[in-house]
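One chain, chain A, links the two complexes that follow: it is found with chain B in the first and with chain C in the second.
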Partner chain A sequence: MLKDADRIFTNIDGRSGGSSLAEAKARGCWSGAAEYLKKTPRELLETVARSGLRGRGMFARKTAEKWSEFIKRPSAFKYLVVSVNESEPGTCKARSLLRYEAHRLLEGCLIAAYICGIRRAYIYVRGVFAEEIEILENAIAEAERAGLLGMNILRTGADLHLSVHRGGEAYVCRTDSAMFRSMEGSRPMPDFGADGEKLFGSPVLVHNPETLCMLPSVLTRGADWFSSLGRAGNEGVRLFSVSGDVERPCLVEETLGIPMRDLIDKYAGGVIGGWQNLAAVIPGGISTPCLPREICEHVRMDYDSLGAVSSGLGTGALIVIGKSSDLVGILRRIALFFKNESCGECAVCREGCRLMFDLIDGIASGRGKRSDIGRLERLCEDTENAALCPVGISAVRPVSGFLRHFRTLLEERCRD
Partner chain B sequence: MSAFAFTEENRKKLEALIRRYPEGRAASAATGAMYLAAEQEGCVSDAALEAISEILSVPYSRLWELRSFYGAFRDKPAGKVHVSFCRGICCGMKKADGVRDACLAYMNIRTGETRADGLFSAEEKDCLGACSDAPAMLVNGTLYGRLTPESAKEILKKYEAEAAC
Partner chain C sequence: MIKLTIDGVEAEVSEGLSIAGACEAAGRPLPNVCRRAEETLPGVLRLSFVEIRGRDGVFDARTEKAADGMEIARDTPRLKKMRERAVRLMLAKHPPECSVCEKAGECLLQDVCFELGLSSGDEGVVTPLAETEETGPLVRMHPGRCILCMECLRFMRDVAGTSELALSGKGAETRIVPFVSGAFSSPLSGNLTDICPAGAFTDGSSKFLTRPWNVERKKTIDVLDSFLPPVFMDVADGRIVRVTPAPLPDGRAGMISDRTRFGVDGTAFGRVDRPYIRVDGRFRECSWTEALMTAASKLKEAEPSRTAAFVGSTADCESMAALADMMKIIGSANVDAGRFYARVPKRAGRWRFCNTAAEDVAKADALLIVGADPEREASLMNAAIRGNPMPKALLGARAEQNYACEYLGDSSDVLNELASGRHPFASVMKRARFPMLVAGKSLWRRSDARAVFEKLYETCVSFGVVKDGWNGFNMVGVSAGMLGASELGLVAETPLLPKAEEGAYDVLYLLGEDRLTRADTGGAFVIYQGTFASETAMCADVILPGAAYTEKRATYVGSNGTAKSTAPVLPPPGQAREDWKILRALSEYLEKTLPYDDLDGIRDRLGALSAAFVGSPEDGRTLLEPVSKEGNLSDEPFSLSGEGDDNEVCRRSPSLRSLKKIRKENNG
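Our next item is the complex of A and B:
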């Protein structure tokens, strides 16, 4: 288990106060800023590269590689956007992160911006997090007053203007170009045009908040310390949430590669009714395929281990499903979510999501036929191959994962 | 259509929002402006859209489209006490239906409705991002978790009493 001394998120549960600057400083936030801002962006980039840090978002790219590419893009003006559009069902980190660790995020923004030569950043926050947005706005204002954000930060010559953009409610904004259009006041639709991946016409670097929160510790404690946590290729720590049929749902920080069972047993108090009562676990938000108990028994929580069992780490949000919960009903609920959230730009996703829901709904309510399961399978293939953005693919994966492990549960519900 | 004007304070807030974006990009403040309007009058009315359209120089039709696209905005006033029930998976596993039904019975409305006296309104939302505190609901934007039918009703009573003052 992760030692307390190695924790990055020392206050993710709010045990030592809120997100005021004084409280955050007492926990060590901003303490190294004056030091590392004396170094060149190049030197800092090397440290991040050596740490092995990978993005905690959807694509899990090596952060340093992503930055090296970004730095090369020719433009005098560039943006950083932090995507706190957490709306992946089952995921519950953003609220705690903004409430209790806002300054860690702001400091992370400063580091990424400094290394990548960015002077303007936005934190895009899902609109429903109203209380948290207020806390974040206050944290930004306090940091500005203390000279930690704004012009000539800590008299080092570095500038960063940071503001919050409160988004509407649209899952499709997890696709970057849809988020950019939304920030520009257009309808949030993925944009595949030549400048689709730009914000206000300039290149933009997008990050998950969790990735950025790692940066202050990587710089102050060193790359070797960071990479000593976790496993080769899956270095460092991650926030995991455990919810569903467990005794004590929780949000915890642990090393990548921790056995899933340890998270459930040691942190979340175990499955309600005991491990034997476990039916399945969705390992990283609803767009990651669920896994049956036999796999949960030994699988580790990292990018590669979960990829090897045809699932994924996703948002690191485990949903534990006990035998007393209705798995088919949960699949139906997932399909309904995607049916509602498909933006409709490509017919295959729009129609595919609708049809997948109709078929699953039919089967769940006992009206389905066995041949429907075959149709469902083909639909998954077609939609996955032709969907234009990650949302369409996310819609398919939970269904195809379900078919892989729990096909018989669907068959039992069919009327033939 | 009744007229709408931002209060002095909200007008200032909106000006500050516009300044967050580059020159000529006032349209970016559209959602922010709608949140301000919603705070002020409990919804984003057509009249509010007109006012926003004028201030931001964004076509009314585009704002209208945004309002209908985002689940966050409504065009008719919500009740004084507006409840959003989570219909997400984790809440579903923690008997959110029971909480919702008990609350709806107490408020004497169905989801999507506003009570005739304007006190209560309710809607369902997808995952509220509080799954480890399931079942969860929002009351006037404030999050409440680990609810039981009883504790949820107590919360509503508290709001009801405050709204009566």
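Our next item is the complex of A and C:
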């Protein structure tokens, strides 16, 4: 278990005070800024590289690699966008993060922008987070007044203008190009055109807020400290949330590679009705395939271990499903989500998700036939092969995972 | 050039193409309902996958670049299966209504199903979507048939420049929705019916008239749009059921304006199809001989100087030349054109034409519009103007354009200021390397037209609108008939019509002129030769039925000054005849036979009258003729004439009339 002294998010649960600058400073935010802004971006980049920090988003790329590539892109103007479009059902960490750790995020933005030579950054927050947006905007204003953002930060000559962009509610905005279109004021759809990966025509660096929040600690406490946490190749800590049929749903920071069972038992107070009552766990938001109890028993929460059991770490949001829950009903709900959230650009994803829902809906309500399960399998394969953007693939994975482990449940529901 | 193998066959293609492009270039295109989509965009329909030897997985042929030595397979069993499944998915929601779909036979979706041998899609719940009424009677929309290829959105946004089509809903509820009532505002909206690969947009004017495989397709040119675009006219059951653009020389799909597409039905109604003479105040059907004899005797009786001829907007060049010759033979010099239209004299030279070639518009870097409404008067050229982000300014009546355009007001003082360089926009024009000026036909109607053109000449010279290798002056909106009359020198220096009203003539010969009234004729004996039972025809004493432009091989002069010939698509109705032949026959009765017996003969005559007709028009890049100063600029504001369409066919076309009415209502 992570030692309290090693925690990065010291206030993720909001127990140690609010998000004002003074309170944040008391918790250690911004403390090293004057120090590391004196170093050159190159030195800082090296530190980040040594820490082995990986992005906390979908692709889990090494942050330092991503940056060195980005720095090489020729353009006088570059943007940083923090994607807080937390739309993956089951996930709630960004919300707490904005509420209680806003200054940590701002500091992270500053570091990333400083290293990559960016002077304009946006935090893309989904519009329903009205309260959080207010907190964030206050935090930005405070930081600007204190000279921590804006022009000539702490008299080091570094500039960073930060603002909040309110998004709509589209799941597809997790795809970068769709998010850019949304920011530019058009309908969010993945854009594969020549300028698709640009925002307002300039190159953009996109980050998950969690990744950025790690940066201040990486720089102030050192790369070696960071890489000592977690396991080789899966260094560091990350936020996990546990919800569903557990005694105490929670949001915690832990090292990557913590056994799933520890997370559920030690932090969330265990499964309601005891471990024996566990039916399945969705390990990282609904787009990751669910895992049956036998696997949950010993699987570790990191990219590689979950990948080995054909699931994924996703957003690190565990959804615990007890035996009393209706698994097929949950699957139906998931399929409905994707049916509604496919952006509609490609026929494969749009129609595939719709048909998958129709089939599952039929089975769940007892109208289905056994042959429908075969069709469902075929559909999964089609959609996964040909979908245009990752959303289509995400939509298929929970269904194919379900078929892999719980096919009998579906068969029981069939008419014949 | 790079070498690659496509399905085991070696091919050589130029560098930098996508795989899809390379396959196309090698003559082995991919099956794709979205062939016309931009090359580098991944096919949203997900059909354009290929396999590449030595590489794992399948690749999108539209995003993947072709490289030297690649071995591409287009048709492996695996790809076939994938395509089949993608199409099955697409068909899952598609209504099975090919049997009543207007697109059937030309539908790319249907073609793909055929190619893949698919007869049905994945079973799913199909909720049929009814046809919407919103887009109006001409461009009909059937949302249920849409396969969401987004081509129409792209066209409306990038070419037509309106936001009247949008995507709404997400996920399974995604739909293309029109935000209009009754009709799209863009004069290019009819092109949606060609662009849509499926049957979601169809041409309402041909609805249920025929099936695409039952038509006879004829290539000709359209004269309703003075750019004379090449078109296909589809004929079935003795009528023209549809007009579509002919492909451009480079094989890309063409584009036509709604005038061209829908206006042709103006020729189908209210025609005169046999000769008439007036006896005791009433019309009587008669034979050609009788009609021509009556006309000839009146012409012979009258004193030559008391006869006059007027040509109108639908006359072709052959008949105009024949008419002019005939009048000369009987000794009258009274020929005129266009009292009711912009009067464009021959000595206006290149001031009558659009001198900037379509592909050169992209080169321009500043634009001044004077007294014109390019979006409606020159839709095709306007699409190119819109695609060019140069600074633009409009002087004249305020007409909404589909691009940002600085409005300079409608006072003629501004023209003075521009000419003298005092106006801020003058410096923009001066700085431009290829400045462009678009003037409208409304300028010709002004009483001070010469003074306006003198000022324009001054501006053109000082801004460099016309210089070596560049002619940026464009006159838009003048009808093809008027341009022909002007080319043949039939526009009299001083209008003859007022004289006719005063009764200066005993016999009037009207050729394709449909806008004179009884009062205009001054009690003369009126011989009407034309196509419509119009008000003018009703006040005639002899009616000689002529052929419409779709029914004869006739020459028209286009906006850019070149002459083009139509091809007959239909036979003339009833006893109507080609116009120049009528005049030739009449001259026999006058005992002064015109010296040409066939089309070649009259075309030789045309060639002798103007070089424009022998296919060697004067070079478009020559300088504009200087205009001498005549009178002063009046303070009359620039306005767009509200007199409606110059072309009689368009004025009479039911489709265009309803379209106009709806658009007017929409504009409040």
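Definition applied: the second predicted complex is superposed on the first by the 416 of 416 C-alpha atoms of A that agree within 3 Å, B and C clash if a C-alpha of one lies under 4 Å from a C-alpha of the other, contacts with A are read in each partner's own complex, and residues count from 1 in each chain.
The definition used in the following text is that a contact is a pair of C-beta atoms (placed from the backbone, for glycine too) under 8 Å apart; a residue touches a chain by one contact, two chains touch by 3 or more.
Here the structure is a predicted model, which is why all the values come from computation and not from measurement.
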| item | value |
| --- | --- |
| Residues of chain A touched, compared between chain B and chain C (which is higher) | B |
| First (chain B), second (chain C), both or neither touched by A:317 | first |
| Chain B versus chain C as contact partner of A:346, first or second or both or neither | second |
| First (chain B), second (chain C), both or neither touched by A:127 | first |
| Which of chain B and chain C A:187 touches, first, second, both or neither | both |
| Which of chain B and chain C A:170 touches, first, second, both or neither | both |
| Chain B versus chain C as contact partner of A:355, first or second or both or neither | second |
| First, second, both or neither for A:224, with chain B first and chain C second | neither |
| Contacts of A:411 with chain B and chain C, given as first, second, both or neither | neither |
| Shared chain A surface residues [contacts with chain B and with chain C] | 170, 187, 340-341 |
| Touching residues (chain side chain B, partner chain A) in the complex | 20-22, 25-32, 34-35, 56, 58, 62, 65-66, 69-73, 84, 88-90, 92-93, 125-134, 138, 141-143 |
| Chain A residues touching chain C - in the complex, by the definition given at the top | 170, 172, 187, 189, 192-194, 338-348, 350-355, 357-358, 375, 378-379, 382-383, 385-388 |
| Complex contact set, residues of chain A against chain B | 86-95, 122, 126-131, 163, 165-171, 182-188, 200, 241-245, 249-251, 286, 317, 319, 321, 325, 329-330, 333-334, 337, 340-341 |
| List of chain C residues in touch with chain A within their complex | 40-42, 44-46, 49, 58, 63, 82, 85-86, 89-90, 92-93, 122, 124-125, 147-148, 150, 166-167, 169-174 |
